[in-house]
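You will see chain A twice below: alongside chain B first, and alongside chain C after that.
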Partner chain A sequence: MKKKSMIGWMSLLVAVTMLTLPVQSLAGKVYKLGLSLAITGPTSDAGNPYSKGVEDYFNFVNDTKILGDDKIECTIRDDQYNNDVTKRNFEDFISQGIVFYLNYSTGSTLALKKDFEEEKMAVIPASFHAGNLIDSHYIFLPIASYSTQAIGLGEYIVKNHKGGTPKVAMFIHPSAFGRGPVEDLQKAVAAGLKMEIVEVVEHGKDLDNTAMLQRLLSKGVQYVISQTVQSPVATMLKDASGLGLVAKSFGEAGKITFLGCHYTGGNDLIALAGASAENFYWTTSYIVTNEPSPGATAQLELAKKYNRDEKAANSHNYTNGMMVAQVATEVIKRAKAAGKEITKVTLYEELQAMNGDKAFSPGTTVGPVTYSKTDHTGVDTLQLYVVGGGVFKSVGTPFIPVFAEKIK
Partner chain B sequence: MNYFFQLVISGIVVGSIYALSGLGFVLIYKSSRVLNIAHGQIIAAGAFITYALTVWVDIPIYISFPMSMVLTFFLAMSVERVFLRRLIGEPIISVIMVTIGLMSILDGLIYLTPFGSENFSFPPFLPTTPISVAGVSVSWTQMVGVVITFTLIGAFSWFFKKSTVGISMRAVSDDQMASMSIGISVPRVFGLAWATAGLSAAAAGGIIGNITGLNFETLHAFGIIVFPVVILGGLDSILGAVVAGIIMGLVQQFASGYLDGNWGLSGTGEVMPYIILLVILLFKPHGLFGIHEIERV
Partner chain C sequence: MSSNRWLATGNYFTSYKEEQRIFFTSLDRAAMSLLLLCLFIWPFFIVVDNKYMLVIDNILVAVIAVMGLNLVTGFAGLISIGHAAFVGIGAYTIASFARVLGDSHALLTHAWPLLILIAGFMGAVFGAIVGLPALRLKHLYLAIATLSFQMIFQWTINFMNFFNQGQTISVGRVVWLTGQVSRSQHYIFWYYAILVVIVFCGFAVRNLLRTRYGRCLVAVRDNDRAADAMGMHPGFTKVYAFALAGFLAGVAGALHAYLYRGVGIESFTLHHSISFLAMAIVGGLGTLPGSFLGPLAIKVLDLQVERLSEWAGAHLTFATNLATALRPLSFGLVIVLFLMFEPRGIANWWRIARSYVKLWPFRY
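And then the complex of A and B:
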């Protein structure tokens, strides 16, 4: 009796195994990715919509079967802008077997540079600090660095300034993130960019910028290039606007034209500064959603599909997150199409092969994403925007700063 | 010369806002000897409540501002009742550790709301053209901020010196056991101290939020920024907070105004207040107006 029962159970087990095997092979593979960023804590106003962009795009990839039966499983963890937590998250992701990593801040990207090298893991951070690329083989900037952005703004000033040599001040965050472009802009000036950097102001938690603005004006400063986050720029713009110092047209004599790099602008600046943000010039490599484009439509539809509110849907940080997820998906797609196994090595190879006729146009940027063995900057093209009527509007066409290449 | 006077006016304006922000520290310390590390979060909460009432509930700001002060009064009182009441009589370090925990809890609660990771600004309600006299300018927001600051500081000074409740609070601060022996309710005094600190924090939050826009990180950082102010003034002195606030504001403006941009210096406005603080504390370890207690054994 016992023997009969045993044979019965064994047969059932074999039958179940036979039935489930084909189902398992049909289910496809799962590619593990990791993202550690500040969803709460400092800079979470950028990190929160960024994480939503990443999450929504990967959900979209899985839901619409962009990778066929294969799926992307991206674990997103909040590090509260704390480098120690980022490191712990990264180590945990490695133990889980990730094939691609998305990082966030300048500080943590610089701090974990050696870990990325040791693990030979391709990384795209949300930081565009040029220093990320020094002594690194595995970090890839999604768009033009802050240095290139500042140089681009400098070139626009020189091109459109009327009169003698334009006098420029820089208003920067007191950190590696803020200081990064200063030296490079000075190098561009030394290399022939005809402008004078009169002063570099490192801001604090200022409640009043009146004296600073008056000092800059007394030194003949007509342009202020900001490399920081929105809040200090908003306070400065409010003070400048109250004092009637904001140029109504670019380079207006006796007034100051305010300009800024990627993280100074976007809808968050308008939310903080209100009407004082009018006539603020901003550069980034991303599109804006208030101007019709296929990328803007795709972004808004994605946000709608996953029930995001208006603020997140129109945030340039959502665009940023969506774009890095697009790049990660694209390299997986290309490696699959080439019949390669999806590993950190093959994805790294595919990323470095993303150039020439293999350049990638995600639609969310103003130019194509190109990487190579010697170029780890994704989108080289920049677009200038200006606030008018409470929204950012394009000024001219996308451009590539000439002096960024000259100072390399 | 105009530039000099501009720095003086800006220093006084910024300093008086520091004084108001630091007042909450002083009010709690004065009556309970507790340093409230979560003060910045209460400042931020006050600003967000004002915004929510003004924009979401559509109440005019001149009503929503005092309303948020009242609401934060009760919020802070509840915080004291829930988290700190049972720590009366426990070592001060335990109470301070609880305020650190409280800071994390308030952080977490604010991150659950849109204010945690989004930016907002108050709708304009004051003229945007600044008040200018002989080339020296001050914005209406700052001017109103200064008036509110000095009104509140005057009111609190009167309260502690003249009112029965205020004198009870000072008595508790001086000696809890002796106060209880004459019938003063120590728990009630602690609750009131936290409540009045909440009220002043909401006022500070509303003013700072109007100047900088509403960003959680910026707002709660003021809880830490004003720390040197209250240390310099003396942790238990309202007058000290005012004087130290203005000293810090002036030092910051003069450092930024005359040092930054020269000799390759930058960001001196952030450093100089701490240097001044260290120098003064060398000579006055309890701060400018702090009470030096001598215990006889």
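And then the complex of A and C:
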């Protein structure tokens, strides 16, 4: 009896093995990627839609078989904006055998820089801090750095200011993320950008900026360039609005024109500041969904396909996440097309070859993504937007700041 | 002394010396030897991912820091809410060497045991300085004084260019007898290094508590006027309690710097000070086993809550804020529950278990 039952089980095992073997040989390969970011905790208002953008695009790649039978498996981990947790997540991803890594904050990117070098792992962070690229061979910024963005805003001020030398203040986050562009903007001024940086304000968790705004006004400041996140900017704009200090037109005399880099703007700012956000100038390399474009359509369709709400679908952070996923997919696609095995080495090579006629246009950015051995900044082009009627509208055409090159 | 060297049902002390023994029975000694043996040999049999090795190493670093906090708060009764700053002093001592000499200078990579000691001494110096207000201040006021130190520390690091304004300062890979410790060996190497430090510190603290200086700590905690009347020096005792706590914190900070191969202010904030305090409370204030059990409990809890909030953040999109709050909520809840229902901490459970064994076969 026992013998019969044993033979039965063995036969079943053999049958199952025979049936699954062809399936396994037909199944495509799985490429593992990792993303560690703040889905909860500080800055999760940016991290949450960012993670959805990444997740949805990779699901789209797998569902629509963009890589044929091969699939991308991107593990997304919440680090709650804590560098120690990011390091732990990165170690976990390495153990899993990832071939490409997506990181998030400036702090963790700087903290893990040496690990990226040792692992020879290509990394695209959500941080556009220029300092990420110093002493690094494996970090690739998706778009123009915060420094380039601030210089771009400075150039726009100089170009459109009427009267003498424009007086500018900087309103920054008290961290490397905020402080990064200050020195570079000062260098641009030293290199001939004709404006005066009157004061650099590092904000705390202030709930009232009245005194600061009055002080800036008394110093003749007409422009405030912000490099921080939305909520402090919203507080400042509300206070400025309450004091009647917001310029109705760009550079209006006796008033202040507010401008900001990538993470200061987006729909979240409008939601937080309401009508006070009107006439706020914002620069980024991403498209906005309220202006028709193939990229905007693709983004909205993607969000709809995966049942995202309106807020996430129209978030520039969703665009940001989608774009880095597009770049990662593109390098895998190109490596496959070249007949290369998909490894961290080949993806690194493909990323560095993304230039010239091999530049990549994801549609979600205002310019092409280009990388090379010496250029680790993806989209060099910036677009200026201004809030009008409760939405961000393009101002002029995409541009590349001249002084960003001059100070290199 | 009991006639049975392995099991002593009851106390048989006939002298103070006997009462001060490190191990009361042979069973105690054997159990500790076995535990140490297990701690040293398990990595040869069980392969653990770097992720979990980092968690284990992190717990061990916290054990050293909490041992220090337990000395000052648990044994000496002086509340310190700035312990992470002392840990930070140790880490930034290493970072200062890296800034001045370069992150891969031989002093940092070859003479790292010496630098860890120096970091400990720096922690002790700052501990003694911060301990000076303890001569005049007590309870809540002393807590505020240590909190101020935490704030001053954070502010100084955040705004000084020398400390890279709080951003990560890299520390190079260390060299051991077999050459440079590679990336694949890193976490296991530091596991052993930290474990050795823990064994030394653990026995040092246990021995300290057997000496008059250790008993002075407890006496000052219980009643400093009575301690003064009995010939002790409460002022000196308080200062050296802070200095010793600072030393252990400094050592923990240096080990943290080497383990993470970098130092950033994010790892030494007020939140971390509160965490250390929570570890000491949950583990058991004024007990040596509490210094081991507290960090283990809190770090494991942290890891589980982290997973839960990650799951909630990813799947319950409407509850992102709740997911964000889960961590501090569970953390606070654990402290409150322990203070309410088990103020003597997990160490008390350990004491009960030991008493059970000690009294066996009689009922506890």
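Throughout what follows, the second predicted complex is superposed on the first by the 388 of 408 C-alpha atoms of A that agree within 3 Å, B and C clash if a C-alpha of one lies under 4 Å from a C-alpha of the other, contacts with A are read in each partner's own complex, and residues count from 1 in each chain.
FYI, contacts are C-beta pairs under 8 Å (C-beta built on N, C-alpha and C of every residue); 3 or more make two chains touch, one makes a residue touch a chain.
Every value quoted in this text rests on a predicted model; they were computed, and no experiment measured them.
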{"item": "Clash or fit (per the criteria above) of chain B with chain C on chain A", "value": "clash"}
{"item": "Partner chain(s) touched by A:Ala273 [first = chain B, second = chain C, both, neither]", "value": "first"}
{"item": "Contacts of A:Ala353 with chain B and chain C, given as first, second, both or neither", "value": "neither"}
{"item": "Partner chain(s) touched by A:Lys205 [first = chain B, second = chain C, both, neither]", "value": "first"}
{"item": "Chain B versus chain C as contact partner of A:Val345, first or second or both or neither", "value": "neither"}
{"item": "Partner chain(s) touched by A:Ser44 [first = chain B, second = chain C, both, neither]", "value": "both"}
{"item": "Chain B versus chain C as contact partner of A:Gln214, first or second or both or neither", "value": "first"}
{"item": "Contacts of A:Pro174 with chain B and chain C, given as first, second, both or neither", "value": "both"}
{"item": "Contacts of A:Gly107 with chain B and chain C, given as first, second, both or neither", "value": "second"}
{"item": "Touched partner set for A:Ile76, first chain B, second chain C, both or neither", "value": "second"}
{"item": "Colliding stretch - chain B into chain C, listed as 56-64, 92-100, 128-136 or 164-172", "value": "92-100"}
{"item": "Footprint overlap on chain A, where chain B in one structure and chain C in the other make contact", "value": "39-41, 44, 48, 174"}
{"item": "Complex interface listing, chain C residues touching chain A", "value": "49-51, 54-55, 58, 158, 165-168, 170, 183, 260-262, 264, 266-267, 306, 309-310, 312-314, 317, 320, 323-324, 326-327"}
{"item": "Residue ranges of chain A in contact with chain C within the complex", "value": "39-41, 44, 48, 51, 76-78, 80, 82-85, 87-89, 91-92, 94-95, 107, 110-111, 113-115, 118-119, 174-176, 179, 309"}
{"item": "Sites on chain A touched by chain B in the complex", "value": "39-45, 47-49, 174, 198-208, 210-212, 214-215, 218-219, 230-231, 234-235, 238-239, 241-244, 268, 271-275, 311"}
{"item": "Sites on chain B touched by chain A in the complex", "value": "3, 6-7, 10, 13-14, 17, 107-108, 111, 114, 116-121, 123-124, 128-130, 137-139, 142, 208, 211-218, 221-222, 225, 253, 256-257, 260-261, 266-267, 269-270"}
